[in-house]
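Heads up, the next two complexes both have chain A, just with different partners, chain B and then chain C.
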Partner chain A sequence: MIGALKSWEGGLLLVFLATLALNAAFAPEFLTVQNQINLFQLSIEKIIVALVMALVIMNAEIDLSVASVMGLSAVVFAYLLNQGWGGGGALVVCLGVGLLAGMVNAVLVAKVGIPSLVVTLAMMIGYRGFSRVIVQDTSLGNFPEWITDLGQQGLIGPLPLSMVLFFLLLVGLGVLLHRTGFGRQVVVIGTNAEVARFSGLDVSRVKATLFVMSSVISAIAGVLYAARLGSVRGDSALGFELDIITMVLLGGVSIFGGKGSMMGVFLSILIILNLRNGMALLNITGHVQTGVIGILLILSVLLPNIVTELRARRARA
Partner chain B sequence: MMNMKGLALAAGLVAGLMGSTALAEPVTATPGQEVNAVLLPKFLGILPFDQANRGAQEAAAELGSTGKLEYIGPTPENSAAGQIEMLTTATTQKQHVVMLSNNAGDQIAATAEAAQAAGTKVVTWDSPIPNGAGESFFVAQVDFGSIGVVMADMAYDLAGGAGEFAVLSASPDAANQNAWIDMMKEALKGDKYKDLKLVDVVYGNDQSEESYNRALGLVDKYPDLKVIMAPTTVGIVAAAKAMQDEGLCEKVKVSGLGLPAEMVSYSLNGCAPQFALWSFVDLGYLTYHASYALATGAIKGEVGEEFTAGRMGTFKIEEDPGRPGTKRVLMGPFTVYTKENVEAAAN
Partner chain C sequence: MTSAVLELRSVAKSFAATAALRDMSLAIEPGEVHAIVGENGAGKSTLIKIMTGVYRPDAGEILVEGRAVTLRSTQDAQAEGIAAIYQEPMVFPDLNVAENIFISNRASGAFLNWRAMFADADRIVAQLGVSLDVRRAASGLTLAEQQTVEIARALSLKVKVLIMDEPTASLSAHEVERLLSIARALKAQGVAVIYISHRLDEIFRIADRVTVIRDGQHISTRPIGEVTEEGMVREMVGRAIDSFAVKTEANAVGDVALSVQGLGRAGVFSGVSFDLAKGEVLCLAGLVGARRTDVGLALFGIAPATEGRLYLHGAEVRITTPRQAMDLGIAYVSEDRRKLGLAMTLPIFANISLASLRKLLGAFGLIDRKTEAAMAEDYRRQLDIRAPDMRIEVGKLSGGNQQKVMLAKWLETKPGVLIFDEPTRGIDVGAKAEVHGIIRRLASEGVAIIVISSDLPEVMALADRVLVMREGRQAGLLDISEASQERVIAMAAGTGATEAA
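And then the complex of A and B:
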């Protein structure tokens, strides 16, 4: 028990429980079912992408293009609907956009060998440019009602489609990471790609798979974003990649790869969403919220280093 | 046929008379009730919205509401998503009324409808929800059609009746600016403006630096440009500063909607000889009065209802001519500022 609490996940659990307690004590509306759903819904596309970003970072790579892929997919979806396409056809095209974007990243990183930071930064700018070209300076809306209903209303009881997808993906990726050979390869390669390669692992295949997964899931998240808001712009989802990476890092995933758990990322998501929601209910908004989450991230980067250093000193003494 | 018409007319008259007797007296809301209200601007940190808040606070004090009036808003970079989040939160908090200057276009309509369904009224001011869904009514600063004409006229005057001009607007989803630009295009079809050519509409997203760069971009792209028309208080200052910094004030004049306090130096040095605006303090004051009357049930928010708004007098809810099927309360009028009257207004 004590041992579990000393782990990163244990610490996150404590922070999460403290946030819950504070929210429940100070914001009487916090514990309502609708508020709990709103709390997820308002950031749902980001947290969906955070789940797959966790795998990418554990593999010692990064995907900065996720938000631009989300934006591009949302824009393509809205554009096709406005051209008279059906929702199903538009969705398929968006999945194709995600697949293509993912394959470009995969080839450049895993085959050509350019660092993912560079590749995905370039794609982040490029795909955003496409979005802006497609919609120019306007917004695209007027979706069929069933699409906005699917984006906004409950599918299973009060749970909207996007929340159902989030939890399915959480369990699915959790199993993939912690219970399969592929998951173990992700972590081993993330720890040391050279050693993994000499041990006969197909490093580039694993990396390529992750980048394709990342872009396809981002494309789905983009469609969900369009359906939830009922209208999109060229700057839809702009800057989301930083929020997404923040969630993953706070979840204890090492930016150098090889370390982290799906449970940690899930707890980190819960903490950030609950903090934001609690602060909003207490009318603390904007820059203060950003500041608080920034401090949390700084602590999450510093604390493990401090702890390691202290242990090292104790061992020397 | 004549008879039928006459009958219909008579019936209409009777209905009209009955309607007007029922609503003859403007409603005055009972002061001292508990109204929890949120004033939600497009974003925090610019003067006009702070002025609107001052007016709303004045009205709240005057009406002696025992509830709270919160002034919260998103950051400019996160305006649309932030507004949706804040309106959702206000609904959860069971606020009685949210006063929204909408910067999210129709994206916020679903959230506003959910708010109304949960008992939180949504009154828009400054910038409406374009399709009107989820909105009780819109408190319009001035008639949107007349802003279009004034903008066309200012461009006409500054360009000397002929030549090229461009618009530097706020964000592409700002319903108010979009409506004014459309109205201006409508006005430009008049014969008087036939030698005046609108060459471009660009967006600075109400961010100073972006607007500044967009203004310079316009000058580069259109060497014969005579006027930059910026129907936003952020854009007009940025454009005027850009022209001043580049020494272009003789060639390219800046006009649009600006705050006298921010525009006084550009007005006097000739970079922006003419611009217009209304009082944001009054807009906030009227919006609070209307929202208080709606939240306390003194008015239902239906066309034809009249209510008193303290020092500003009586107002009426009417059909919004710019957005069929929606309702507005019209404040008006606005003032055109030149170097003659800008200094007095700036203080």
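And then the complex of A and C:
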């Protein structure tokens, strides 16, 4: 038990419990069911994408294009609805957009061999451009009511569709990463891709699969985003990729790949959501909230280094 | 012992509960080559780190020329005239040789006096008795030349004691000669050289005195004239070892498992032909750069062959990916554990199951974790992998145990043809004997084995036949009864000996 608390997840759990306690003490409305759901709903699309981003980073890659794919998918969804398409048809097209975007990333990274940082940075800019071309300077809204209901109202009890999806993905991707052969390959490739290749693993296939998964899930998140807000613009989901990557890194996933757990990412998501929510209830502005999260991230990177350094010094002395 | 340039008195050092060094006393005389030998884990690295100020001893003292000193950092050690060079030299590729030599003691002042610097560098390199253009960029230097630069750097710092840690581990035969002559040149200038190597033949050629350490303790220090190889090995391992018995007759072998005809890869190697029978051990010998590893990589599909034919159990096959090679029952145990062999930060069990993960997958691609753990335990017993728990990171094991984990990974694929690339590089005498034992056992079980090795005594101890390569071509194929170290070297270097069938 003490050993478990010494791990990264153990530390995160303590921080999370402290956040909960502070929130409950200072903001009486914090513990209401509605607030708990709101707290997830406000960032639901980001945290859904963070789950798949965790796999990508574990694999020692990065996908900066997620937010632009979300934006593009949201815009395409809204555009098609405005053109009189049904929700189902529009969703299928959006999935197609995600699949295509993912395949472009996959081919350029896994087959051609260009670093994912460059490929997905280019796609981040490119897809954002497409979104802006489609909607110009206006916004697209007027969705059928059932779609906004699905985006905002409870589906199972008070839980909206997007939250149900989040928890299904959390469990599904957690099992995929930690219990399946595919997940093991992701970790090994993230640790050392050459060792993986010399062990007969198909490195490019695993990488390609991850990039396709990342874009498809981003496209779904984009549709959820459109449905929740009821209207989209060319800059929808702008800059989300950085919040998403922050959640993953704070969760203890190594930016160099190979290390991390889905539990860590989940706890990090809980901490960030609760911190933001608590600060909001205390009328602390969004800018300050962002600053606090930034400090948290720096500390999370700094702390393990300090601990290692202290241990090394003790060994030397 | 007042003449000693560096002396350790009753030095001890522990990490957590394990004592790495116990009551270690050692005196190094000026101008001597002092060899330190011991198995991996005997405490050699800790000893070096204490002498170079990386660690501080828990007890005991360090004296430099009779003065007690405290070494807090490598800079402190350098100021006292103690420096070390390692297996993998550190040079800055974008600087030229002279800049690399003077990297840590550039003349002060805003402007570099290039002419003076080149002249000084030339003088230092000449002192080492080697020729090296100090104006060229360091980027194209061979490993051996980079080492020369490091030694020159140490010399520029007025070094009194130079520690060489496994300096010849990755050098070819003539580069080793050059290094040994550099060590002699240093000695002639009054520098004490501490020479650490697994290669006992080098020690007999260069050392004045030999210190054996075992389990963190000083066992003996003797003038080289009073030491025999058997005696030294016995002291190192605390028991006798028969690993270096030379094979004189080939084992009885079975049907041909792998037949290679005119194998080649454009621009890399060509014309390699041999038949490998079940239960046979074929050693690939040759100088560094003879492209032996490339033959292994071609057979394993990493860098596929572009010419020639391959037959496995009589049927022609083409191998273009490792997966295909593995499906055909071919395994390749890489020479580079760290970069190509093991996922160092992952647990032992995950490394063992890595190449046979498919066998462990159940419904939905879930890994059968019980079977996986049992598999690891099985190999722990079979290969005597010394680890408290198969869930610890493989990087925390000693080199010999890491090698066994890598072996386990490939044995689990149940290969019919097993290619070992430098199977005992950088592991100690005891583990080496164990690895040789495993290779012999596999051969007796009918596995066809290829061993790529630069270690000639190893070749002589393992091979049924020796395939000698020179500059990407097959220079000859010898039966063990007609092979001798001299003949193999002559063939590999292209002097004398005519080609055999």
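One rule holds for everything that comes next: the second predicted complex is superposed on the first by the 315 of 317 C-alpha atoms of A that agree within 3 Å, B and C clash if a C-alpha of one lies under 4 Å from a C-alpha of the other, contacts with A are read in each partner's own complex, and residues count from 1 in each chain.
Here is the rule we go by: a contact is a pair of C-beta atoms (placed from the backbone, for glycine too) under 8 Å apart; a residue touches a chain by one contact, two chains touch by 3 or more.
Just so it is clear, the model here is predicted, and its values are computed rather than measured.
S.K.: Quick one: chain B and chain C on chain A, clash or fit?
M.R.: Pair status: fit.
S.K.: Tell me the contact category for A:Ser199 with respect to chain B and chain C: first, second, both or neither.
M.R.: second
S.K.: Have a look at where A:Glu145 lands relative to chain B and chain C in the superposition and call it first, second, both or neither.
M.R.: neither
S.K.: Which of the two partners, first being chain B and second being chain C, lies in contact with A:Arg233: first, second, both, or neither?
M.R.: The answer is first: A:Arg233 touches chain B but not chain C.
S.K.: In whole Å, how close do chain B and chain C get at the C-alpha level once superposed?
M.R.: After superposing on chain A, chain B and chain C come no closer than 39 Å at C-alpha.
S.K.: Per the contact definition, I'd like the list of chain B residues that touch chain A in the complex.
M.R.: Checking each residue of chain B against chain A gives 44, 70, 72-75, 77-78, 80-82, 84-86, 88-89, 92-94, 105-107, 109-110, 172-173, 201-203.
S.K.: Across the complex, what residues on chain A touch chain B?
M.R.: Interface residues on chain A, with respect to chain B: 29, 32, 34-35, 38, 42, 137-139, 141, 148, 152, 229-231, 233, 239, 277, 280-281, 283, 285-287, 290.
S.K.: Which of the residues in chain A come into contact with chain C in the complex?
M.R.: The contact residues of chain A facing chain C are 175, 179-182, 184-185, 187-188, 191-192, 194-202, 258-259, 315-317.
S.K.: Enumerate the contact residues on chain C facing chain A in the complex.
M.R.: That would be residues 15, 54-56, 302, 321-323, 325-326, 332, 334, 339-346, 350, 354-355, 357-358, 360-361, 364-367, 369, 409 of chain C.
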